[in-house]
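Given below, in the form of structure tokens, are the structures.
The following pair of complexes shares a single chain, chain A, combined with chain B in the former and chain C in the latter.
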Partner chain A sequence: MRPLSSFGLRAALAAFVVLLAVPASQAQQPLKVGIVTFLSGPAAGPFGVPARNAAELTAELLNAGTVPAPYSQKGFGGTPIELVIIDEAGGPQKQVAEYRNLVPRVDIVIGYISSGDCLAIAPVAEEQKKLTVLFDCGTPRIFEDASYKYVFRTGPTGTMDNVSVALYLVERTPNVKSIAGLNQNYAWGQDSWADFENAMKTLKPGIEVKTSQMPKLFAGQFGAEITTLLGSGAEVVHSSMWGGDLEGLVLQGAPRGLFEKHKVVLSAGEPAINRLGTRIPDGTILGARGPFGPFAPDTDLARWLKTTYQDRYHVPPNYASFKMTQAILGVKAAYEKAKGSGNGAPDQDKIIAALENLTFEGPGGPVKMALGKGHQAIMDAAVGTTKVEGGELKIVDVARYSADKVNPPDGVKSEAWIKSGLKK
Partner chain B sequence: MKAAIVAIASLVALTGLALLSPQWLVFMAMLALAKGVVVLGLLVLMRTGLVSFGQGLYFGIGAYAAALLSHHLHVADAAVMLLTGAAAAGLVAALLGLLLAGYRDIFFAMLSLAFSMILYGVLVKSAALGSTDGFNLHARTFFGVALAPGMERRVFLIAGAVCAVVVALLVHRLLGGHWGRLATGVRDNELRVAYLGASPYRVVYVNYLIAGALAGLGGALAALAVGHVDPEMTYWTTSGEFVFIAILGGIQSILAPFMAATIFEALRTIASQYAPNVWQMSLGLAMLAIIMFLPAGLWTLAERRRRSA
Partner chain C sequence: MSSILPVAFDGIAYASWLFLISAGLTLIYGVMRILNVAHGSLYALGAYAACSLAGAWLGGGLPAAGSFAMLLLAAVLVGSLVGPLIERGLLQWMYGKDEVVLVLITYAVFLIMEDVIKLVWGVDSLLLPEPYALPGNFQLGGLPYPVYNVLLIALALATGLILAWALYRTRQGKLLLAVIHDREMSMAMGINVSRVYLATFAVGATLAALGGAFTAPTIAVTPGIGVEVIVLAFAVVVIGGLGSLGGAALGALLVGLVRSATVRYWPEAELFSIYAVMAMVLIARPKGLFAAQEARKI
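Entry: the complex of A and B
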């Protein structure tokens, strides 16, 4: 027995030494990035899953080092990244619990589509001292009502969506006299309508608001509201609907002539074009919450995202996909800036300092972290009109608005800025 | 005597947990405690033979009352928030109870659901309260004593533990005595209770009031833990979650709601982390298994062990 046991002892010792040596030789511990997006529920289809797909694609191609310049370095500054994906469904209370569980497991958190979740998470991120990048939620309240050190948002706020469609509308139809709204009765719908209404009142003083219809969220059936709108005599109908409600509006409104009788503005309509296609009537004014999807500028980065995404998922990336990729690339830019030419991983405070006031290139064009003391992004806005050409839906007559023109200056609240004349 | 020992032991254990465990565990314990208190109220109702699908109403009232104190009146004291939450919910329950105590079975369940959805609708339409986005709240003191950053939630957990233990003891005493037997009597044969000279209406009313106030206390506790309130707290799925926890634990013991709430929170967290795509289904399967194999709740396991021992 003796030789065996001494052999066993030696083997165990050797294994132990090997185990000790492994972490030293494996300096390439991946950076863990928590991704929070809707994997279930009504927001999963139009936003959550396209965003998750973009996150997985971007992480994989970053690790392979095949993303175009300036992001061609592998991973984040040479360190591969690993995603930890969780579901955003379940409401803010559950999200705060899941966020607290996620924080010890990851280095950075990127996520959140719902504004309610963003508002609940931001103070917790500050308390937990964890770099947290919000990528999609729209409410400007986050950095207007509070200021944060650890929280950033790389997507523009909802303010510019409705300011830019109002500008577009007034440029195209300078004699517009009346507007009406059809928005979902929850924070997003209420805020979008308020922004649009106020922007129109600022641009065209004396404009008449015929009616504001607020059906409940996910009502799906808008027969009564469409009848009211058709009888209202309004020249313009504004809607910030998304998902199933938006599809319902288009499918129920088009046969009844809603889109012929009125100029219809869909301020967040872009994700629906992949599903509805040519069923969206000609002449509908469409926004994409920024220069995303079909509004993306013709750059290497935009082409790269469009082709690789289309190849893998067989649909074009929508604005949620663009914004997710943008958030990851923004963090990468800050990480690499903080790392500089050094070898070691930069600490979190350095990454935060690098991300503050950073200007980086996203797939939708330049992103400036200009508001909220350098924590909130602004971008150019783009608006277009739909037109079916040769059996395909095209976006024509695209207008671009520079970021400064459609976003308030730092320190000014969106609502006050719109009401006081959209001035710099 | 035995109840007092269990109470002291729980209090010591929770205080230890509050002081020693990492932040995420403190938070989960607090959420479990908050839900446990709400389900304790539901247990009182279930002993009376009634299921409320609208405890979200009082949960929401408690949370919003606490949050509004901090948001509009700039009162940032956690103790005041907890008491206000319970009192506000109790007050509304005292009013609605006058109507609801006259109903039983499905009518009671649907009416309670309807009232909670009315509050949900009102909150969603209130742009001043942030509509569906809700708003943040900050508690900075406890009975006037300022809390160091990072310590707040640990103190809240201890406060929550004290509240939970006190209400659990009170409910235990109440149900163990004359009132508890009356409640079971109403459940089993209401007519007989009336013939014996007791008022079933009064029993249901008082128990509804207790359940409402406890849900309000739970709501205020949850609001303190999360630091944010939103209308989802009054939505029927939240109310359904409380019923889920009540069924999970069973109604035999005062401890069952707290145990079930802890298991529920842990189950949901584990499912969210390890099966992010099917976490709802995991919860659903757990529910199905409980109903099929332990129809009287998880507490049956504890009782079986005691009987065999």
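Entry: the complex of A and C
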């Protein structure tokens, strides 16, 4: 065969380039967003599936261009988004392997509910140089113990939850003298209790800690723990439990009078509202890991999420749903800021620069990427008390705390900030 | 004294629950030499079936006391349908293989059943609080306790006594003991070992489901409850001696009491206490407290 002449070669190459370019301009390539959330295991019901549902709903409505302002532009800057959803179950080691498989398939990763998974994924994201937005996990250690370029978290840390319930409690029962805890025996439960205990000691010096119960995660049965709490004489019982453990605590504790004898504080109790309803006794202090679900402000964006989610899934969106939508909208805001008025897709570094220190509107209100050198969000906190009215569980006496009041300044570790008097 | 009573009661209540879930596991191991990991999912299946049956019963406006019968029915249904299905459909082809292979096979069954449960019931928790709240509370040492826990203790006692009677006082039980002692010799003497295996697995599965069904009213039934249970049940059975019913009872009591005392006096060590008991027992008696003597084969 005769070799192609230089002209022929150039013509063939040009034709090839044109062929490649045509489909791209005719049908726009979607932006691929990896979504990692629990689809199986005990965290799927309370968090994983509500978050997955929110991701699917948000992506679909963004692509349709029906999300309220400032997110009414279709997709991300006009480019449709396509989700690649994977299961978070299996533990950090498995998740690291799953993450490595996911990275080449997607442009951005949004995910992770478990603090253990977040701590494991963050350094791998850095190594893989892939923009990774953590949406739910609570441990403040991620940006307090390390610094990342490619990792962000658009949800507030767990510190804020426990500081805000402590403030709420002391405002309402200023003479409180003793507390007790019932928390799951792993990072989340231990950190939550430490933050609450330290915040209470700061706010009420000399407060007595009667007992700190640490049952195994997913133990489900707390007969002996409830006995000990009932006999402890503590005025307040704090629990950061979630999922089946939290529901088990209410089911076992309420008939035994735990909620009548003690003021019970459920710092992450909001998702249980949809499951337990009026079974949660009156007077229980409840947090939602931020201004989410029933604590969401009355904005177009919050109403949009509540209505569209309820219509499609026939339950209200819980805090996991809010935080997932918030993460997607945060990335969209950064993407569009990075894109500016240009036509081309912004490169990853530009999106990262845009997301750093960004303030954007989420369905739970304003989100400031204020900690961890602009990589960690802070938000206002909200706490309320349960009350059954007309056969329905309502949240009453809601107090809001500004983000600055319940989060440490940038560069100060949460624990040190709480112990040093919650000062700015 | 005022703190000993609550500790003892909580310990015994927990032990009863542990015994219910461990009895079937040790029975199956004793007879079939299978460490049945799928026991955990049979427990979960019992809990889910109980939620569906008792939930339908209560939803139909029928008398609440009848929900207890539904819990029993759920256990029997799971045991008599799913137990034989696993044994006839899978395990009977695997007998004679290495014990480790059988553990892996039952682990595979466990994983499949976890997904089947998710397909049927979804990932949201199921709640069945009525039977737990129905009998009310009683006072002990000045603290309220659920009467339901007394029922649980009675159920465990009855289960243990019926099992012991069936094993040691009936003809079928004696045939089973013969199979435990020497499978080959039993076959030579004309015992239908295959039928004994089927019956044992069905009874073991029913016991697992019974544990699940009667736990359902006290917890939120969620995916993954079987995993938690199987680890605990293994610990109890290993403490008591694999294959020993009395061992399972004593192991459950020991773990229950130690855990309850730890929760009261040293809550940080709760997780550690169960395995500390196991380690100490195994140091003193490597085959557990009541390990059956192996028949010497020449």
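Here is the rule we go by: the second predicted complex is superposed on the first by the 399 of 424 C-alpha atoms of A that agree within 3 Å, B and C clash if a C-alpha of one lies under 4 Å from a C-alpha of the other, contacts with A are read in each partner's own complex, and residues count from 1 in each chain.
Rule of thumb we're sticking to: a contact is a pair of C-beta atoms (placed from the backbone, for glycine too) under 8 Å apart; a residue touches a chain by one contact, two chains touch by 3 or more.
Because the structure is predicted, anything quoted here is derived from the model rather than measured.
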Problem set entry | Combined model on chain A: chain C and chain B, fit or clash | fit
Problem set entry | Which superposed partner A:N185 touches (first chain B, second chain C, both, neither) | both
Exercise. Of the partners chain B and chain C, which touch A:Q213 in the superposed model: first, second, both, neither?
Worked result: second
Exercise. Looking at the overlay, does A:G231 come into contact with chain B only (first), chain C only (second), both, or neither?
Worked result: second
Seminar exercise, completed: For apex chain A with the CA centres of chain B and chain C, the angle to the nearest 10 degrees sits at 50
Exercise. Taking the superposition as given, does A:A97 touch the first partner, chain B, the second, chain C, both, or neither?
Worked result: first
For this session: Report for A:G48: first if it touches chain B alone, second if chain C alone, otherwise both or neither.
Result: second
For this session: Tell me which partner A:S40 touches in the superposition: chain B (first), chain C (second), both or neither.
Result: both
For this session: With the two complexes superposed on chain A, say which partner A:V124 touches: chain B (first), chain C (second), both, or neither.
Result: first
Problem set entry | Least C-alpha distance (whole Å) that remains between chain C and chain B when both complexes are overlaid | 5
For this session: Could you tell me which stretches of chain A are touched by chain B in one complex and by chain C in the other?
Result: 39-40, 185, 216
Problem set entry | chain B - residues contacting chain A, complex | 22-24, 27-28, 31, 124-125, 127, 130-136, 138, 149-150, 222, 226-228, 230, 232-233, 235, 238, 265, 268-269, 272-273, 276-277, 279-280
Seminar exercise, completed: Contacts from chain A onto chain C in the complex sit at residues 39-42, 44-46, 48-49, 185, 211-216, 218-221, 223-225, 227-228, 230-231, 243-248, 251-252, 255-257, 275-276, 279
For this session: Could you please specify the touching residues of chain A with respect to chain B in the complex?
Result: 39-40, 85-87, 89-94, 96-98, 100-101, 103-104, 115-116, 119-120, 123-124, 127-128, 139, 141, 146, 185-188, 190, 194, 216-217
Seminar exercise, completed: Touching chain A in the complex, chain C uses residues 3, 6-7, 10-11, 13-14, 17, 114-115, 118, 122-125, 127, 129, 132-133, 136-137, 141-146, 149, 215, 218-225, 227-228, 259-260, 263-264, 267-268, 270-271
